[in-house]
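What follows is a group of structures, each given as structure tokens.
The same chain A turns up in both complexes below, where it pairs with chain B and then with chain C.
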Partner chain A sequence: MLKYVVKRFFISLLTLFILATVVFFLLHSLPGDPISSNNGILPKELMNKLRAHYGLDQPVWKQYIQYFANMFRGELGYSLKHANRTVASVIRESFPVSASLGLRGLALGYPIGVLLGVIAARRRGKPADYICIIIGILAISVPSFILARILQWIFSVKLGWLPVAQWKGFKYTILPVFCMAFGMMNGRSMRAYMLEVVSQDYIKTAKAKGVPERRRVWRHMFRNAMLPMVTGLGPLVAGALTGTFVIETIFSIPGLGKQYVDAVKGLDYTLAMGLTTFFAAFLIFANFMVDLAYGLVDPRVRIE
Partner chain B sequence: MNERLLTVEDLRVSFDTYAGEVQAVRGVSFHLDRGETLAIVGESGSGKSVTVQTVMALNPMPPARIKSGSIVYKGRELVGLSDREMDAYRGKEFAMIFQDPMTSLNPTMKVGRQIAEGILMHEDISRQEAQERALNMLRMVGLPNPELNMVRFPHTYSGGMRQRIMIAIALACNPSILIADEPTTALDVTIQAQILELMNGLKAELGTGIILITHDLGVVARMADRIAVMYGGQIVECGSADEIFYDPLHPYTWGLLGSMPSTGVRREGKKLIAIPGTPPDLFAPPPGCAFAARCPHCMKICTQTPPEQSVTESGHYASCWLLDKRAPQVEPPEFDIRKEGGRDE
Partner chain C sequence: MKHIFYQRQIIEDLPPEAFMPDPEAHRRAEVISRPNINFWSDVWRRFRKNRVAMTGLVIIALLVLLCVFGPLLAPTSYEFTNMKAANLAPSGANWFGTDKLGRDLWARVWVGGRISLVVGVIGAVLPTIFGVIVGGVSGYFGGKLDMIIMRVIDIIMCIPSLIYIILIMLYLGTGILPIVLAISMTGWMGTARSIRALVMQLKVREFVLAARALGSSPMKIILRHLIPNCSGIIVVSLSLHIPSVIFQEAYLSFIGLGIQSPMTSWGQLAQIGGEVYRNYPYQLLIPSAVICLVMLAFNLFGDGLRDSLDPRLRD
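This part shows the complex of A and B:
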């Protein structure tokens, strides 16, 4: 077990390093640099001075070595756009917001999605099945910015029950969390896995033992159908917790997703790099946790 | 000892598919007594499995549908009972083991719990007691270290061991009838013998009636008291094991016996005989005898009118026009049947 964890740790480090390298060169190959957006505002000499200050006048490979040397010391550097703010402090501030939104969305939407899948599979071909499928299709096909606008219009503008935007307390979280959750209420994969499990021999065995239908569904089918679902949970959790640009922008939520897009748009090299690395590390970590959790659900892959 | 457990009368089961109605079982009648082994033999698609799964109400309905017939268990009619009512019978009164032990156990549940679960469904005892009983079952089916095996998961076992566990699950509530649907088909030959031995031993010990489905006549010879030969969704011949092996009446049975490989020296140089052709299409079963198209002795009437049952004094019966008084005398081909293995040794 320890051996496995250590091995995974080093593989993860290697993955992170390669990923950060690729992103670094991609970012730097974008036209312009963080300072050039001040063209015509600042005098040329000042801009060159700024470039020299941030080391942007150096060849890219030198900047690369410099950046990674800093990173190995645990330094993600200062943001190039936010005055006097470290990348770490931006993450510290935005991540809890995104994570809280994501966790709530996940906690609300995911179980509903799974439940819809189970219901659809049990009522296969009946009206309940079609309703569940339609909800699932809506969940993945209605873009969150449209849903968000509709919700804002109904609950904030017309009814005045909930605030339109911002992030200042529980009331503010309801609409964005629902938007987030709705995207996950897609039970179609769970439905497919349930239908696969239902024709397995061991379900017939359970039936032949005299296990009633309800118990067969929840004790025998559900767990086995959840196994492949767990695989997809890693990226889902990581994605949900690290923020969604669209929902955060529409509801003016100061989360990671918004920071990330702003950083790339403004060529804020250090912030974009820092957030990419953070996101990747988080994704790898989430996948690792899921792999460990997988052993809990499926005895066949338990790591000794 | 001759207590009647199960009587099936004129059972007809169809599957409604998009392509039409598949008449999988077309008027099957048989019975089973306490402590008796009835073997149902026949090739794939002859309706063996559907018949016994209907008895246990294991077929999903729809698409399956009981068109007519009755299934009487210990004097009670089972056809028409709801799924919920059948739950009280399944596992308690009759139990089943399946062909493929590799897929018949829930991979995410400990073996002990899988056995105990069935007991808890039917008996008002504590979890603790059920576990205790499960442990005894594992001992009974001959698993080494039963205590250790209670907490193991199915994937850690070989096929033979899993089939033992399946038998433990099936017999946990001491059912009157054990239905074994090709229990040894997926196993090594050496393991086959062990499993059959185990089933025979438990039958003697518990007095369980066994319905054994197989297409392996070697297994039949070893296990069966009576044999029903199924073809095209019907029982074409039924009689005691001796009658079927030594005095078969139906040409299909002749074909089956002739196609059985033998290790005897007398077989040397002789070819294994195959039955030419394929089984009938159960979407549109033939109007006459289902076997007519493949039968070497087929007469005109065979393709037109279904044959009636001819019953001998001992109850051995077959459905074939050759047995009619007016039919020409046809001598069955010569087999060198010796009952292999098992009971008579």
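This part shows the complex of A and C:
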């Protein structure tokens, strides 16, 4: 077990390193640099001085060595667009906001999705089944930016019950969290796994020995149907915690997603690099945790 | 008496061949009187019974028809501006109203639909083809090649798609082609993974062994034997991929990298409508409703197709 963890850890580090390298050269191969957007605003000498200050006048491979030397020392550098702000401070500031939004959305949406799947599978072919499936299909069919705008229109503009945007207290979180959660209220995969489990022999055995319905569903079917669901949880959690650009933009929430899109669009090399590495590390870590958790919940796949 | 005589006469007149057994008889007895049911017509038969999925198909067909012929019914072309008629609510003349430049929204919605549907279909077909080939090769050959391809996919999946989408758009400019290419770059990894898993299951089956014994080349085995056996999964993933591509195109419009005016798309219309929804809600609601409808229709269609294809879910 320990050997496996150590091995996975080094593979993850290697993946992260290759990934950061690829992203570094991708970003630097984009035409222009972060200073060139000031063309015509700032005098030429000043722009060249700025480039020299940030090391942008060096050849790309030198910048690469410099950047990674800094990264190994734990330095992610300064943002090129926000004056005097370190990348680390941007992450420290925005990550808790995104994570809190994501966790609330996940905590609201995911259990509802699973529950809908269980209900649909138990009432297969009955009206309850169709209602659950329709909710699930709506959840993946209504794009979040449309849902967000329409909710804003109904609850903020027409009814005036909730604030339109910003992130200043519980009232402000209701609409974005619901938008976030709605996309996860999709019980269709849970329904499919439940239906797969229903026809297993051990369910027949349980029924034959007189286990009551409720216990059969939650003890025998639910647990086994949840196993494949766990696999998808890693990317889902990572994605929810690191923020979604659309919801953060529409509700003007100062989260990571918004920072990220602005950084990539503005060619803020250091910030974009730092955030990408952060996202990727998060995703890899989440997948790693899921693999470990899989061994815990399913004795059949105990890792050697 | 006379009667019998005539009969005997007829029999004697017959040539000797007439007394041979009919060589065609056994074939006639076994002739299949109903049309053959092959795999796809069986799927279609099941699919037709699924009313929800059929509704999806009908909605898709209607939307396609509207995109093709809808603009012809509009009073003006989609790019005709008329500042005197700006921001008009839906009426008998402008069925969907007009936008802030006085352009007819009925025309714009269906012209935009052409773009969205074309992007959706091509943007789903290209990565599916690529993913199927990569997944097929990776699954069939296995070993080192498979390991390398899977690690590359792992790494690409960790890079936020925004980086290479912006990269491609900055190099190729904005337009349909860069958008399709950028979206295609993001969509092939999932298909490659699932096809790889299926091919790994299929390649140890007898029909592959038979093909190999008969001297088929690996590429021929992959293209002729393995991939056709994955066709069910491929078709389902294709039909479920189209709505997600339409969504991605809308997302690109949302961050300002989509189709540029005066050309339009559903995502762009919803985005522009989202800016003025406080005063002119119809400009947001109409494109939004169309996007939701098309996503819904494709999802219902793909779901129904999966149910018709998957023998485990059949009753």
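Note that in this section the second predicted complex is superposed on the first by the 302 of 304 C-alpha atoms of A that agree within 3 Å, B and C clash if a C-alpha of one lies under 4 Å from a C-alpha of the other, contacts with A are read in each partner's own complex, and residues count from 1 in each chain.
The working rule: contacts are C-beta pairs under 8 Å (C-beta built on N, C-alpha and C of every residue); 3 or more make two chains touch, one makes a residue touch a chain.
Computed from a prediction, not measured in an experiment: that's the story for all the values here.
Student: Do chain B and chain C fit side by side on chain A in the superposed arrangement, or is it a clash?
Tutor: fit
Student: Would you sort A:Gly210 into first (chain B), second (chain C), both or neither based on which partner it touches?
Tutor: A:Gly210 sits against chain B, while chain C stays out of touch.
Student: If we overlay the two complexes on their shared chain A, which of chain B and chain C does A:Val297 touch? Say first, second, both or neither.
Tutor: After superposition on chain A, A:Val297 lies in contact with chain B alone.
Student: Would you check which partner chain A:Val22 touches, where first means chain B only, second means chain C only, and both and neither mean what they say?
Tutor: A:Val22 sits against chain C, while chain B stays out of touch.
Student: Return first, second, both or neither, reflecting whether A:Leu162 touches chain B, chain C, both chains, or no partner chain.
Tutor: neither
Student: Between chain B (first) and chain C (second), which does A:Ser141 come into contact with in this model arrangement: first, second, both, or neither?
Tutor: A:Ser141 sits against chain C, while chain B stays out of touch.
Student: In the superposed arrangement, does A:Met229 touch chain B (first), chain C (second), both or neither?
Tutor: neither
Student: Would you check which partner chain A:Trp153 touches, where first means chain B only, second means chain C only, and both and neither mean what they say?
Tutor: In the superposed model, A:Trp153 contacts chain C only, not chain B.
Student: Touching A:Val264, do we find chain B (first), chain C (second), both, or neither?
Tutor: second
Student: Between chain B and chain C, which one contacts more residues of chain A in the superposed model?
Tutor: Counted on chain A, the partner with more touching residues turns out to be C.
Student: After the superposition, pull out the minimum Cα separation from chain B to chain C in whole angstrom, please.
Tutor: 7
Student: Find the residues of chain A that appear in the contact set with chain B and again in the contact set with chain C.
Tutor: Chain A residues touching both partners: none found.
Student: What part of chain A is in contact with chain B in the complex they form?
Tutor: Per the touch definition, chain A meets chain B at residues 200-202, 204-213, 219-220, 223-224, 227, 297-300.
Student: Within their complex, state which residues of chain A touch chain C.
Tutor: The contact residues of chain A facing chain C are 15, 18-19, 22-23, 26-27, 29-31, 130, 133, 137-138, 140-143, 145-146, 149-150, 152-153, 157, 188, 192, 195-196, 245-246, 249-250, 260-261, 264-265, 272, 276, 279-280, 283-284.
Student: Which residues of chain B touch chain A once you look at their complex with the stated criterion?
Tutor: 56, 58, 83-84, 87-92, 95-96, 98, 100, 103-109, 117-118, 121-122, 153, 155, 166, 169-170, 173
Student: Touching chain A in the complex: which residues of chain C?
Tutor: Residues of chain C touching chain A: 52, 151, 154-155, 158-160, 162-164, 166-167, 170-171, 243, 247, 250-251, 254-255, 270-271, 274, 277-278, 281, 284-285, 288, 291-292, 295-296, 299-300, 303, 312-313.
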